[in-house]
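One structure is given below, encoded as structure tokens.
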Amino acid sequence: MNMIEERVSKAREQASEFFRPDQVWPFLVPDQPQQVDVSKQVLLYVEGLNLSFDGFKALNDLNLYINDGELRCLIGANGAGKTTLMDVITGKTQPDSGTVYFGSNINLLDRSEDEIAQLGIGRKFQKPTVFEAQTVFDNLELSLKSNKGVIPTLLARLSPTEIQRIDEVLNIIGLQEQRFMLAGALSHGQKQWLEIGMLLMADPRLLLVDEPVAGMTPQETERTAELLQSLAGERTVIVVEHDMEFVRSIARTVTVLHQGSVLAEGTMDQIQANKDVIEVYLGEDA
Amino acid sequence: MKKLMCISFWLMGCLLPALSHGAEPDAAEAAIQAGHSDSETIPKLVQQLTEKSLTKAIPVLEALAREGGETMLPLFRTMLNGDLYYVKATGRVVGQQEVDGETSYKDLLTAEPVTGLGKRDTKKIRVNNKLRGFLRDSISRIQLSSEDPAKRGAAVRSLLSDLDDSTVLAISEARENETDADVMATMDLALAMYALAEGNSDVEKMDAIEQLSGSLEQDVRNLLRQYAEMEPDHSDYNAKASAAASKALSKIQEKVEFYGFVDQLFFGLSLGSVLLLAAIGLAITFGVMGVINMAHGEMIMLGAYTTYIIQMLLPNHIDLSIWIAIPAAFIVSGLVGVAIERGVIRHLHGRPLETLLATFGISLFLQQLVRTVISPQNVPVSTPSWMSGTLDINPVLSLTLNRLYILAFALLVFFALLIILKKTNLGLNVRAVSQNRAMARAMGVRSDRVDALTFGLGSGIAGIAGVALSQLTNVGPNLGQSYIIDSFMVVVFGGVGNLWGTLVAAFSLGIANKFLEPVTGAVLASILVLVFIILFIQKRPKGLFPQKGRAAE
Amino acid sequence: MSSLISSIFANRGQPGGRVMPFVMILLVATVLASCLNLFTPEGSALHVSTYTITLLGKYLCYAMLALAVDVIWGYCGILSLGHGAFFALGGYAMGMYLMRQIGDRGVYGNPILPDFMVFLDWQELPWFWLGMDQFWFAMIMVILVPGILAYVFGFLAFRSRVTGVYLSIMTQALTYALMLAFFRNEMGFGGNNGLTDFKDILGFDLQSDTTRIVLFLITAALLSVALVTSHWIMNSRMGKVILAVRDSESRARFIGYKTETYKVWLFVYSAVIAAVAGALYVPQVGIINPGEFSPINSIEVVIWVAVGGRGTLIGAVVGALLVNYAKTRFTAILPEGWLFMLGALFVLVTLYLPKGLMGLYGQLKDKFSGPSGPSSANDRKTSDTAEGASA
Amino acid sequence: MKFNKLFAGVTLALGTSMVTFTATAEDTIKVGVLHSLSGTMAISETTLKDTVLMMVEEQNKAGGLLGKKLEPVVVDPASNWPLFAEKTRELLTEKDVDVIFGCWTSVSRKSVLPVIEELNGLMFYPVQYEGEESSKNVFYTGAAPNQQAIPAVDYLMNDLDVERWVLAGTDYVYPRTTNKILEAYLKSKGVDAKDIMVNYTPFGHSDWQSIVSDIKKFGSKGKKTAVVSTINGDANVPFYKELGNQGISAEDIPVVAFSVGEEELSGIDTKPLVGHLAAWNYFQSVDTAENEQFIDTWKTFIKNEDRVTNDPMEATYIGFKMWAQAVEKAGTTDVDAVEKAMIGQEVKNLTGGVAVMNKNHHLSKPVLIGEIQDDGQFEVVWETDGVVAGDAWSDFLPGSKDLIADWTAPTECGNYNVKTKSCGGSMATAE
């Protein structure tokens, strides 16, 4: 008897909760663009991340904090989990456990790739991926920060400010001459630049850059270093790179990954002096 | 015991396919020569067969059976097979035989060969179903005294549906001298049925019901049902017997339902084995190489046509033809597969959608080729004698032999393939190329050769599947078309690149289909299965057993 | 200054090609043919027979279907082997309307039930036939039913990222399942016989030449509308997103486009074009039956597109017209040879004409007038990567 | 832009080339042949095309018709139903044929019907079908259900004492209708509803295990059982094979089929079929002088000793002969005149007796039942006394029991309702 009463009252409670006049139902709440909360000066929180593929631990209790406006380099041997980490941050892969927060308020694991991109996290792939069948200009136009719903996109017209913005970026990446060339016809280095340009178009808060100078000439590498350095401060940049010279030239803080977790963190000099690192990573080179 | 019999029977079927023919008629002929019949009446009666119309033939045959007894066996058998003729000119009744394409005749009463007759000189003595039924019954009755216990048992069983005084008398006489336990049990059953049907005392009937209650024989059930459902105003009504009968019936029913379930399971497994055979070649070309071969169905078709051609070439060795056809079909389809790979697919590497279109074109081409070269009609493929018939477990459960063989064959092919891929050098190369082409090439694997061989292997196995399918269904230009969608479904459902997945998928789809069919009907069952797969793939895009890890991305 | 130049040239190498002149030619040709049918005497050398008109009308419906396939295959890399299903569903919706229009003129004279239902002893109209006697309702159904099916299928498939070959096979299974279903007489769509023996549409006699001409012109007009709309979509930023999805879906996602939504809506758009084509097809050929669902029909459409040149709107239309015209001609001369030809066409086009006739035209132009721009020089390469991405 | 000009040229060229000039040679009578030569139905229909060509050749040898030669016009509708309508229009308007012999499936006939009525053509349809149709412009020379199904059931009931019935068919209109008619007929004969089992399968069904096992169970209830099969084409072989494999012989449960003829048997291993039955109006094995001559002519014409003849071929033969006679009688090939002259025409059957064209455009023919022999031929085991008149509208269907067809004055209606005394439906308004 008691039990039934209890249940009825509980149900009534639930029902009244559901029909509360001062609230809309959760599924009717419009998606509000959330502001990233960086009051703690930290832009990215990665905590306790675990991920395994068929028994192979790609990420092993990984913890990483990136400050707002920082330029961070990630280094590590192949299979250390660098790319997998990026996959997790950008929503491509779901971890087995752990949390990833953008600012202190946005849980990235709840979101899909495109939502994460719209939050202002841009990613450059290891292998340059641009839309090869379209012109450089179109590539940049597509990357504009704009409403990316179907109907707005269908009706979108380039405004003068947007065209100006594209020109600006074309200048930065040095591809004004090639603006009407198909992206597929660009050289490897130019594609890398174009991809970085596409990231810039979106005006991102956080840039994840995977091996930006692979296959570049020394001059191009130098320009890339300059570019990345100029970005830091206003934006936050995480660079994954194998080229130690390049890392040294840009990095303020370096994080070393090994077997899916953080091995060491510090300035380049500190890292190079770190025993563990010498053993597992630099040791191989020496 | 049954299991043992089953296995030994199977082995015999496999090893001695050619031996099952032609031993028995001679024994019966010897009996004729001993000849104790009335030399006057029998030939006269036989003569009447050529004159009487079909409806009047039964009294003549009855008289013959009465007069001739065992000596009539060859005549009855020949007539049953439709090989009884008479010479137009003389009216002499002869049996026709075909040996190695040669037609010969012999007198059935004297067993003397009759020479000098051509096909035009004789006319067939017609039989219809009524006559066939009668002949079969007579043969059974005569065979009650056969040497072979299995034959005696079959004879009694076939008489169960038609028990009359004379039959029962014959059975009870035979019962006296019977030594074989199984046959004795069947005979007792027959006598019990008779006692229930015609008996006088209640005690007798109750005993009979008691005796019948464990039997699965269809005729027993019908008889019991008669009693169980008998209306109270019926003259034979007996409340006690009726209750006992319905109790016995429900006991039997439980068993029947169980065996019905087993039967359905077997149907499902059998359909699954067909799906497995059809899909397994695809699992290799699609799963391992990533090539969509829409001409896969036509590889199956080529295999089936190879069987047909082998049977055309060896018309007198149907029993052997399958054994020749299996390697032949493998080679034919395999070579065509290699040719397709070298000629077309190689040029479309890394463009799977294009491969799909090109191979679809090839499939149209091959179909039309068969139509033009062979015939647009279906072609006849015979079933070897060792593959026809059933394996009777009990009266309600009998498994058809050809399905049983195909089930075993499908599993054999599957495991052979598994071993090839796991243990041989070719398998190693195939797996290497499928996982990382560039690296395999760098290691010295000749990837183009491996591609051609893999494709040949997949196609060859499709050819073998064609041999099996030729035993079940039409062999015609459209054969492949009807299996291609199902094959794709199986592979996709199981998970591309996973042979075990294909196995599980084939059998689960087969069984699901067969268990749905009684509820929904055949069409709706296949629609439901298709819709289920479509939804399933949305849920798990990589199938039941997906390949995991970064390599799978 | 530089921004001005950008805006002018932003549309260079436009994905749709030049479509307006083509539409003009199409419309002029159809109107001309119609006039020649209506206003010239039968024996005249210029007379276009009604037979030719129905034939051309059929071709135009096919062209529209090809356009639908091209929109998703050529531009978005989704190879649908089941577009015949949407075509047939549109056709069935139209067929149901036409069936209801027969009224009591059927052989059994039943004012409500179509003949095949009387035949099978049905007592009342199934619920899904209700309302189909209203033209507006039927036309909504023409669009709604295939549209919703495409939406549900696309939503499920694209959300779970079924792509490439898997998707092709699933679409094939979809149309195959529908074919089996429509073959069932219990479904209430006339089983194997389908719907036929139509009398009139909106009160106009379907057998009069004028009605035929009007249907023919409407088909041409709607094909033009579809061409222009598709052209507009493909030249908008959405078109660029669609190309981006085809060439590198993950990149598109990482710059913030919800690609599955784009794919779903494009799929629905394409399905609706196919459905409208089917709805126009039925009154012109006079019958719709489950054979239209058969997977081989859908695959044939793909080859029309491939022949014409995928990724160009005009190519799809031209391909459909050419292949079907060839089919009409060759089956008359050598019925047995047609399948050989069709088979060979599949193989040769995929091997040697990956961009179809429109691509061939580009290739030839380059050969004779020298390399004129970067776009054609890179055709081959881009098509390769396009495929790689869609795999 | 260049391309567009080019394309414009091409379209114009296409357009004009289709404005075909029909060279109207007045000295021939054109005979249209509308049978699929490719696609799924080509297997069956190609034979009928050849039969018509043979009949045309024979007729021309005998001096043609009305002093003119006959000229066959063959088109290929490719087993594609809309294409049947299109090709009919082509035959009637572009090729100006005087008569069409064609169609096999019901759906192809239904597709052709509106066109042939619109353009007032004349067609002969040579295949057994479900009935429920009579068009002014079509003559049906194949069997209606009462000329095949009902006699077959009578035979099973009276001669084989069958009490339980399995009606198994492919799921399309012919089996559906035939089974509806049979169900009503059996019930009218006092058969209980639970002694009838109806089953439908899709086209080309190949896995018959469950259904055959159901039939076996259904047939093991102690009453004599028979299967009435309207299973179509390709599905038959696996069906009979499964029957044989599950040990069901023709004596236990005979199967009587309406779609299995000599032509179908020539493509299969007949061993499992021996003893099963088929009902037709014609069997190749029937021993008459006309038949012998027909078979000889056929084998010479087709240059193949192994080719067989079958019922639809006889129907084509009868239809062609009747048409020729009607044209002679009318003295013209004008459709209306020939249509009037057709009614009452008589042609000797190949199986003996005389076929008569009735007022409802259906034939009166004898019905034969044959048992399948191991050489792929049939042994006639039963035949009707005299001929049976084809019934366009079945008396056993509620929708059509009051309908008759009568194309003579004053009725002139394909679906005349004898109760309301009115001509319902399309045929009346089309006049």
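Read from first to last, the chains carry the letters A, B, C and D; within each, the first residue is number 1.
In the analysis below, contacts are C-beta pairs under 8 Å (C-beta built on N, C-alpha and C of every residue); 3 or more make two chains touch, one makes a residue touch a chain.
Being a predicted model, the structure only gives us computed values, none of them experimental.
Asks: If I count C-beta pairs in contact for every pair of chains, which pair wins?
Replies: Greatest number of C-beta pairs in contact occurs for C-D.
Asks: Please list the single chain whose C-alpha centre lies closest to the global protein C-alpha centre.
Replies: C
Asks: Which whole number of Å gives the spacing of the CA centres of chain B and chain C?
Replies: That pair's centroid distance is 46 Å.
Asks: What's the distance between the Cα centroids of chain C and chain D, rounded to whole Å?
Replies: A distance of 35 Å separates the two centres.
Asks: Taking each chain's centre as its mean C-alpha position, how far apart are chain A and chain B in Å?
Replies: Taking the average C-alpha coordinate of chain A and of chain B, the gap between them is 63 Å.
Asks: Would you mind pulling out the distance in Å between where the CA atoms of chain B average out and where those of chain D do?
Replies: That gives a centre separation of 33 Å.
Asks: Would you give the residues of chain B that are in contact with at least 2 other chains, written as numbers and ranges?
Replies: Those would be 371, 523, 526.
Asks: Considering chain A alone, which of its residues make contact with at least two other chains?
Replies: Expected reply: no residues.
Asks: Give the residues of chain D touching no fewer than two other chains, as numbers and ranges.
Replies: 171, 200, 202
Asks: Touching chain C in the complex: which residues of chain B?
Replies: Residue positions touching the partner: 290, 292, 344, 347-348, 350-358, 360-369, 371-372, 481, 485, 488-489, 492, 523-524, 526-527, 530-531, 533-535, 537-539, 541.
Asks: Spell out the part of chain C that touches chain D in their complex, as residue ranges.
Replies: 18, 21-22, 25, 29, 33, 45-52, 54-56, 58, 102, 104-110, 116, 118-121, 180, 183-185, 191-194, 196-199, 207, 285-287, 289, 291, 314, 318, 321, 325, 331-332, 335-336, 338-339, 361, 365
Asks: Tell me, which parts of chain C touch chain A in their complex?
Replies: 2-3, 6-7, 9-10, 12-13, 233, 236-238, 240-241, 243-244, 246-248, 250-259, 261-262, 265, 374-375, 377-378, 381-382, 385-386
Asks: Which residues of chain B touch chain D in the complex?
Replies: Touch list, chain B to chain D: 54, 82, 126, 128-130, 132-133, 136, 161, 218-219, 222, 226, 263-264, 267, 270-271, 274, 371, 376-383, 388-390, 398, 400-403, 472-474, 476, 478, 482, 513-514, 517-518, 521-523, 526.
Asks: State the interface residues of chain D toward chain B in the complex, per the touch definition above.
Replies: Result: residues 40, 42-43, 46, 159-160, 171, 199-202, 204-207, 209-211, 213-214, 220-222, 234, 237-238, 241-242, 244-247, 249-251, 254, 263, 266-272, 274-275, 277, 371, 373-374, 379, 381 of chain D touch chain B.
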